[in-house]
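Taking it in order: structure first as structure tokens, then the write-up.
For reference, chains read A, B, C and D in written order, and residue numbers begin at 1 within each chain.
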Amino acid sequence: MTGYTLRELMVVAAARQIEDGQVVFVGMRLPLLGFLLAKRTHAPQAIGLYENGIIREMPSAEMLYTMSDPPNIYRATSCADMLAVMGLLQQGRVDVGFIGGAEIDRFGNLNTTLVRADGRRAIRLPGSGGACDIASLAHRLIAIMAHEKRRFRERVSYITSPGYGEGGNWRSAVGLPRGGPSVVITDKAILEFDPVTKEAVLSSVHPGISVDDVLAHTGWPLRVSKDLDETPPPTEEELSIIRELDPRGFWTR
Amino acid sequence: MTGYTLRELMVVAAARQIEDGQVVFVGMRLPLLGFLLAKRTHAPQAIGLYENGIIREMPSAEMLYTMSDPPNIYRATSCADMLAVMGLLQQGRVDVGFIGGAEIDRFGNLNTTLVRADGRRAIRLPGSGGACDIASLAHRLIAIMAHEKRRFRERVSYITSPGYGEGGNWRSAVGLPRGGPSVVITDKAILEFDPVTKEAVLSSVHPGISVDDVLAHTGWPLRVSKDLDETPPPTEEELSIIRELDPRGFWTR
Amino acid sequence: MTLSEAIEQYVPDGASIVMGTAMEALIPFAAGHEIIRQRKRDLTLIGPISDILFDQLIGAGCVEKVIAAWVGNVSGGSAYNLRRAVEEGMPRPLEMEDHTNFTIALGLHAGALGVPYLPARTALGSDIQRRNDHLRSITCPYTGDRLIAVRAIEPDVAIVHVQRADEAGNCHLWGNLGVTIDAVRASRRVIVTAEEIVPADVILSDPNRTLIPGFLVTAVVEQPWGAHPSPVVGYYNRDNDYFHEYHRETKTPEQFHRWLQRWVLGVKDRNHYLERLGRDRREALRPRRRAPSAPAEFGY
Amino acid sequence: MTLSEAIEQYVPDGASIVMGTAMEALIPFAAGHEIIRQRKRDLTLIGPISDILFDQLIGAGCVEKVIAAWVGNVSGGSAYNLRRAVEEGMPRPLEMEDHTNFTIALGLHAGALGVPYLPARTALGSDIQRRNDHLRSITCPYTGDRLIAVRAIEPDVAIVHVQRADEAGNCHLWGNLGVTIDAVRASRRVIVTAEEIVPADVILSDPNRTLIPGFLVTAVVEQPWGAHPSPVVGYYNRDNDYFHEYHRETKTPEQFHRWLQRWVLGVKDRNHYLERLGRDRREALRPRRRAPSAPAEFGY
């Protein structure tokens, strides 16, 4: 694990989820870095949508704290309104969407609204923002989050962003037109979802992390794929680009 | 009737329907001239909406053949899309709307789609454009048309733009949120509508036109108001402005 | 890609096409004429109004159905080919799906938003609503109000003309927009004709004017005067005489066919058309004054 | 009219106010702080996200209800006043109507279009939908699809910050627009703060950038730096440090009250605030390069 941080690995794993020419609902922080890394490596034609109304192909020249920072506006492909980009999302024109989460459960449902822990007062979180929309409407959802037992719970206490609900064909039963979580990228591992039951399956562990460690930090008996991989580490090229994008390590250290 | 044409009188009558500060769905030809005349006389703060997306307070400097002509864009208040202006109309923000018509009936329903005359083949007309929307959604509808028996029919053969339907509270029964025809300005007279039955009533005849002439050119037994007026002729000021707006008499001669 | 190639590749027989989306301005006449020259058949034309372009396509026998609010000659009145097609089935029968401007706009907006319908309060009680199964009556789940549900319109192709675009199809357009933005987003394919192809830097300098992003555009073609005789603000004014001439010269099928021969079938392409139009006539339509927009500052 | 007069006249106690309509940019902090200074009470705040402005109003005790998709500190994380209000009822209980960004946008769009609701495919199966009676389940009359009906949102007041306006309130704004246009149209009253009041000729030179026409505007106030610490492209960048400081300095009610005293209650008006901010800090936020938009030609 020398030579790179787990966050750098997460950025690389995120970037690898983007194919060239795809339309990506970007988000901020690690997903944004992942998008920029993908643009600089294997997906130069990828297109980024931001829920504030920005469509952007050319990466911004400076680091962004928020998607509405002036460097994200300067030389954007288009600056329109939220409805314009949400309309594209609802039409099914978005291939991949990234979101984070405070809690996730066995079927990939995410909570960023209200956390109820046993015997403690409920904790109010900021809420959905566009996360629920991305989770509802993108073709593939990538969730990125810290792998902690209190976050990986059997059932989330509030479904902010629908995953596969109770599993199986729940999504189409409730009327969601497509999509669902495809991959969960954590600081320990990568989870995918069973194509039939829609239950999360451990598919890849990061170098230096044991399966037992992952299982110990997951709040339900996590299934392990019979084709379990080790997450490929960042290449030299990927690392040098990330460090150019985040020179002070604000996000990745 | 010396000194002005009936079309000039119609423009003046249209202008007088606009109060200062009102929002007007303008249309073209005589209504446009009426709007411009009102702006130059008693309603300098009136605001014009055009269904192509233009909002305009400053009158255009040149005559328009269509509402999308460049002089209507130059120094407009706003150029947006159709939904923006139709949204304002649907919200109830439009005080007055003007439309023309090929046929009108006793309850102010207008037809610009399909004319069926006895024993003859149906005639296809251009259709609604925005007329049905204006008739459905403006607070007050002003219709402007030639007064001919074949146009003023007991029942129109096709309701393109709803007036009062079958009279009474028909509009609210079908779900229309407001409005209805307020005045019909013809080249012979002005018709208003009974507040209860919603039947057209002859309220004013133009100078030099007899009531019998109007009745003879109306395809149903037209009620005559007991307060029948003579339409006030244009003032010198009004006439000189109209002739400045339409110097070659393209619309008003 | 040439305009001819774009039409050949992306406008198959039987396609539904939205055109004339900026109302009386920016009508893609060059593209429409190319469709006629390529003898496309069984098309469905969609638009709020279309001025005389729809009438020409109808008269040339390309059209099976029109979904529109108004078909005519805006400054002239009736459209004779439309009348002949509806009243006499000439040159072929024509199905009309009558709308209002607003219901066309909402149908395309529904398509652009990815919903199967949008509710509205217009056209209630009209024969337009009663005779159009895509304008059904519904009840609001909150207020109980009676509304109409305007069904989504999702054309196969949008053809739009704009002031300027870059080679990737990112477009700057201005003036009245009509239903252009929603039409582009609602359609499966988008063909853009542009007065000018400009360097990407020009487009990137003003992302708020980039109302059509290139990734939604299937083909972009530089076509100066591509909207003549309709106007393109900043480039040329409306050729009103041309519309009046069309009205006078298409009253009978024979007259129309002479007109069509002169302006469409008998010209090789748009350059040939412009030659026939003549330099003087074009120059007379050019703006007589300059009026550039004040800059907006995008520096940071 | 001064900002203080505008807030006094048009923001009564109990009003519903949409703010932060351009997301993380152009947030009307000057207006929000004036609301706090005037000790308005029982407000309903509406917005997709609000960054820290909503948190400040909540902490100051002005707010009864929030209708929003996200309330926090975009670059910092949690908003402590929001948490205290929801979790502990401090300084007063707070009702939350949870939305997604898209349902807020659609609710305002419904208001702007004058319909009681709009259909959507988002949030189905979520607890957001299940617990919000303004996001009811409906069935499409054409396809039978299950949809949600997003109820119209019609705020009493929209408060927006823009780059430039004329004295009649015709506004030029650019950059990401968020839900600004629909919020303005959906609201009964509109208060605009503008970086600059410019001559009408500047605004008239580009009607396509006039996204807010003056006749919809109730009051327009020149307020340079009116959005600080949020960014206004072309005028100033985001003051990221300020957001981080806010996060560090508002963890307890006592800390928040010190912060509020320093930046809101203890300053007379925006000029006083800017003085306290200091010239150097402001200058450091100014754009370091110029990047004017290419002109669009409106001559004819």
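We take it that contacts are C-beta pairs under 8 Å (C-beta built on N, C-alpha and C of every residue); 3 or more make two chains touch, one makes a residue touch a chain.
In this text the structure is predicted, and so the values were computed from the model without any measurement.
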Return the chains shared as contacts by subunit B and subunit D, ordered by label. C
Per the touch definition, the chains contacting both subunit A and subunit D are C
If every chain is reduced to the average of its C-alpha atoms, which one ends up farthest from subunit B? A
Consider the two chain pairs B-C and A-C; indicate the one with the greater count of contacting C-beta pairs. B-C
Distance from the mean Cα position of subunit D to that of subunit C, given in whole angstrom: 37
Between subunit A and subunit C, the Cα-mean centres are separated in Å by 41
Taking each chain's centre as the mean position of its Cα atoms, how many Å separate subunit B from subunit C? 27
Could you put a whole-Å number on the gap between the CA centroids of subunit A and subunit B? 57
Contacts with 2+ other chains: residues of subunit C: 113-115, 120-121, 145, 147, 174-175, 177, 181, 205, 208, 231, 233-234, 237, 287, 291, 298-300
Overlap residues in subunit A, where contacts from two or more other chains coincide: 54, 69-70, 73-74, 79-80, 83, 86, 89-90
Graph class of chain-chain contacts, one of line, ring, star, complete, other: other
Listing of all chain pairs that touch each other, if any do: A-C, A-D, B-C, B-D, C-D
Please give the residue numbers of subunit D that touch subunit B in the complex, ascending. 112-115, 170, 181, 185, 204-205, 207-208, 210-211, 213-215, 298-300
List the residues on subunit D that touch subunit C in their complex, please. 114-121, 134, 136, 138, 140-143, 145, 147, 149, 151, 163, 172, 174-175, 177, 202, 205-206, 208-209, 231, 233-235, 237, 287-300
Subunit D touches which residues of subunit B in the complex? 23, 47, 54-55, 57-58, 69-71, 73-80, 83-84, 86-92
So, in the complex, the side of subunit A touching subunit D is made of residues 28, 50-54, 65-70, 72-74, 79-83, 86, 89-90, 113, 121-133, 136-137, 158-162, 165, 170-171, 174-177
In the complex of these two chains, what residues of subunit D are touching subunit A? 22-25, 48-49, 51, 68-72, 74-75, 77-79, 82-83, 86-88, 96, 98-102, 105-106, 109, 120-128, 137, 145-147, 174-182, 230-231, 233-234, 237-238, 240, 243, 287, 291
